[in-house]
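Notes follow the structure.
Labels A, B, C and D are assigned to the chains in the order they are written; within every chain, residues are numbered from 1.
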Amino acid sequence: MTDMTYRRLGRSGLKVSVLSFGSWVSFGPQLDVAKAADCLEEAYAHGVNFFDNAEIYSDGKSETIMGEAIKKLGWERHSYVISSKFFWGIKDGVNSKNTLNRKYLMEAIDPSLERMGLEHLDLIYCHRPDPETPIEETVWAMSDIVSSGRALYWGTSEWSADEIRAAWHIAETHHLHKPVMEQPQYNLVWRDKVEEEYARLYDDIGLGLTTWSPLASGLLTGKYLDGVPEGSRATLPGYEWLQKMLTNEKTNAKVRELKTVADDLGCTLAQLSIAWCAKNPNVSTVITGASRPEQVTENMKALDVLADLDDEVMTRIDEIFG
Amino acid sequence: MTDMTYRRLGRSGLKVSVLSFGSWVSFGPQLDVAKAADCLEEAYAHGVNFFDNAEIYSDGKSETIMGEAIKKLGWERHSYVISSKFFWGIKDGVNSKNTLNRKYLMEAIDPSLERMGLEHLDLIYCHRPDPETPIEETVWAMSDIVSSGRALYWGTSEWSADEIRAAWHIAETHHLHKPVMEQPQYNLVWRDKVEEEYARLYDDIGLGLTTWSPLASGLLTGKYLDGVPEGSRATLPGYEWLQKMLTNEKTNAKVRELKTVADDLGCTLAQLSIAWCAKNPNVSTVITGASRPEQVTENMKALDVLADLDDEVMTRIDEIFG
Amino acid sequence: MTDMTYRRLGRSGLKVSVLSFGSWVSFGPQLDVAKAADCLEEAYAHGVNFFDNAEIYSDGKSETIMGEAIKKLGWERHSYVISSKFFWGIKDGVNSKNTLNRKYLMEAIDPSLERMGLEHLDLIYCHRPDPETPIEETVWAMSDIVSSGRALYWGTSEWSADEIRAAWHIAETHHLHKPVMEQPQYNLVWRDKVEEEYARLYDDIGLGLTTWSPLASGLLTGKYLDGVPEGSRATLPGYEWLQKMLTNEKTNAKVRELKTVADDLGCTLAQLSIAWCAKNPNVSTVITGASRPEQVTENMKALDVLADLDDEVMTRIDEIFG
Amino acid sequence: MTDMTYRRLGRSGLKVSVLSFGSWVSFGPQLDVAKAADCLEEAYAHGVNFFDNAEIYSDGKSETIMGEAIKKLGWERHSYVISSKFFWGIKDGVNSKNTLNRKYLMEAIDPSLERMGLEHLDLIYCHRPDPETPIEETVWAMSDIVSSGRALYWGTSEWSADEIRAAWHIAETHHLHKPVMEQPQYNLVWRDKVEEEYARLYDDIGLGLTTWSPLASGLLTGKYLDGVPEGSRATLPGYEWLQKMLTNEKTNAKVRELKTVADDLGCTLAQLSIAWCAKNPNVSTVITGASRPEQVTENMKALDVLADLDDEVMTRIDEIFG
């Protein structure tokens, strides 16, 4: 299998594996510590060094599970990059949910570190923009957390280009730690933000990307081409939006065409879709998910596919999803 | 009863209940921890999330009582916003009374936190301006306290517009934490500062207001319309100014007129007066006081009145107090 | 006796008694803790709130003695302002003597606090200028000490006006804590620095002065008018410069004239000389010394004299020393 | 023997002995703590006050040995200047080797201090430039380490003039701690960087130099004039570059000519070569190495030679190596 490659997180000096592992969805509801450790171990063995997490994932349990699993695995601190994200909050209250105000952020970081069992996180994100907190207040709080040593780099997730640039300029003006990365959704059916909206930010401020949902919530695995099976995540309450997306006829037609490309490359749709994300040089790392070690192994084969994505293949894919 | 509403503290991302609870006057001389807890519990049950305090209130006892009451009530830290204010000092000496110099502020914050039993305050105020300390010295000290994590936001109380703007600009220039809020007296008979003097600050620097004395020390409750009864606060030594104010004929005539408005709305004078303060969109929160839970309940009914304050009612009130 | 008056330390908000007490010369070689405590207690009883010290005084012993004496007296921290000064160093070595480099200052502050038994000093001084360290390096180190909370204000001693202004501007430019005060020698026979060289600094940067040697090492007490008695400090080895100064004929002639002014005012030469220093509005405090409580009491009577220094008396003095 | 002289580290106020002692090569593979202590003791006795080290030297063992030796010798902290350098890393991983990113630097400093048994280092260096980390990220991390008190000054090693100037300007712009010194190789056969490339930096930013390899890895001792003996360092695996350099005919011809100068001065080639480095006024200190105390003594005699390097001798040397 192709060796892992590492990319700089945007213009920063931090290097992340081009494929990384995120605990969203899987840790907590589906996985206990032992099974989580199995997945992490498999990813680590393939050279994955970035492990993505968030306060909101399973209401803090995902952080606890990842922390305990890493402790169990005995990894040395320097060998992995770990994140958390803050915005939704896991406690009720006007200053603890859906906010990026100073009170929330300052009161959220220590419990997160405690759940993780760590002295510092590598990356912390503003999980969403908060239109009701001035960006300046958020920039100060994130920068103050970095200054205190409790995190090394900070960034955003699903912010607009304008918001990211505003944050960067406020930090530059006030001599604070600047945002380094953004975590947007990015996949074959969700391209605009990364390819158009953020286009100027890569050069202008050296923005790095840690992208999520390379498989568009499973759509790009092809396993929903014949409908959504009972009991799958898309049928759970609260995931109606997902079911709708997964069963979109027009999109599924494109997925069927993409299947022929995957077949020609001798890989799965999932591997091709992941590799396609990684092909974008502005993407620092593609966050993948799994609830079994075997899935991790399968995902990692996207590294082989990435090597095969020449101009011809890329043109075929562009013609399908263009 | 109408649900509590929450407003941003000026342009900051912190949200405070439009009605809040202050311990001034009541905690200490009149209330022990158990009775204070009853009042706090009642306010909290109505959605109040901001609890105002100051070092000087009962010479530190108010902080101790509130701290112990909150501990007893077992509130989670994220669920309330708590303040203290500094200026008068509770120890004798040229650097401990009536000053905002660095020595006083730096030596005052830790004892306040200790009395409160907290690791950080949410809001700290300069309780009055100090003409004998440069604003720059005070801004540095307040900002340094915020940087140290012992408070989250800082502001002023009863400063002039010019002083507030000066503080804001010094902080902006030196990249320090800026003042976020001001705590002025504001009520139907004391309107100029909030409505005229500060007029430009709301837009220019995003100033938030936590207003005190919505009942003008009881004047607007109407209970002094027939004179000040023996034994009430206004007859205590040191409160002669209050007795004079409460018995002003011209003002009491207006209060009598306001009573007809309250009657028409089916509410008390106090509820109408509190609601009127909250009607001002530049007011983030109206600090109310009480020494019995029943009083808290009564005050909270101002939320219902607030919903009734349409243009017609506001015009009637303006014609009385204009 | 006239009550103590307090002045702002330059434009800062810190207030110091116009007469203060310094431990130079007396603490250590002449005084043990018990006797030092007697002097401090007497000064404190007269309203003195500033107690001056330095690392070099008796090689650290002066700090230890003052610390122990204050502990013994049980003074509350807010009630006094205490200083130390750094430059000469009390350990041998190119980076520990006669320097204001970062290494020396950073390694000197904690031992000083330990000797004093304090968590923070109020005032720290650069005891002399160091031509071999860039002012910028010294400003950063002093400011970093203030930022760390180990001191509240910093200043200089016997720096040139140009050096003080340079330090102030570097701090202003880099948003650091600015120097607040200077400690120059100032008395009737040593006036140029305070009255001419620093003239612009009082307005321009709000410089405060804590002046030393109001009696010109005893010259202005008149007790050397008939020569230096055997056994007095001026006859000790290393104090030859002092003996020369004390026996200068021309100056002693002026002192004799001044004696008539003192006689007319019904005070001692020492009291008149101390009061004269305090008369200068740019002087925040005049540091006096004593090795017996009775001497402290005598010095404090200068407060009465200060009240008598009207234009006529000042003109007489100017004509003598002009 | 000539007394040690001390020079300012560039324009900083820190003073270093013109001859200093580095542990590179010798500590670890060749020396245990006892023998290391003998060398350090001898150097210290000659007035050496700067002791150079790096994380990479013997993979951390050099720091451990030096720390234990200094503890054994009981030196007072103020009496020596100690360094470490960071870049290569001693743990595997993309963020722990050959990097100056924030993660590596922040995770490297505490283990280094622990190995040394110290609370702060005096000097920390970026051991090489890292083209894959923005200089701004490195400047922030180094400055943050200085701000935290874990180091007093920071600098670079083998950076280009352009990189050093860029770092200085970023620090100046963002009001951070600026780089103070550079550690380049400098000797008779390796002069360009110090004499030409850095030429403007001495005045422009006050750069100090702590130079290494004064003997060009032994070439300038003359002991390889007749070839490299078996068992010497140059014959070890990984040192092939060294053997090639040591046996360069053209250079050895110059060394033979230099021998006549040394003979005329009555000193060894090594002493002359070390003295020649120290003659350059932009060199703050010449780092020498030794594995036996006798070697230290021999090196220190370069101080005598330095006094003899008049214009005539310098011209002779220049003609040989010009």
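Here is the rule we go by: a contact is a pair of C-beta atoms (placed from the backbone, for glycine too) under 8 Å apart; a residue touches a chain by one contact, two chains touch by 3 or more.
As the structure is a computational prediction, the values presented were derived from the model and not from experiment.
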Where the centre means the average of the CA atoms, what chain is farthest from chain D?
B
Same-site or different-site touching of chain B by its copy chain C, using the half cut
different
How many Å are there between the centre of chain A and the centre of chain C, using C-alpha atoms for each centre?
62
CA centroids of chain C and chain D: separation to the nearest Å works out as 44
Provide the list of chain A residues touching at least two other chains, using ranges where the numbers run on.
175
Taking all chains into account, which pairs touch?
A-B, A-D, B-C, C-D
Complex interface listing, chain C residues touching chain D
89, 91-96, 99-104, 106-107, 130, 132-134, 137-138, 140, 144, 148, 174-176
Chain A-touching residues of chain B, taken from the complex the two chains share:
6, 8, 11-15, 49, 76-79, 81, 120, 122, 147, 149, 152-153, 175, 177, 206
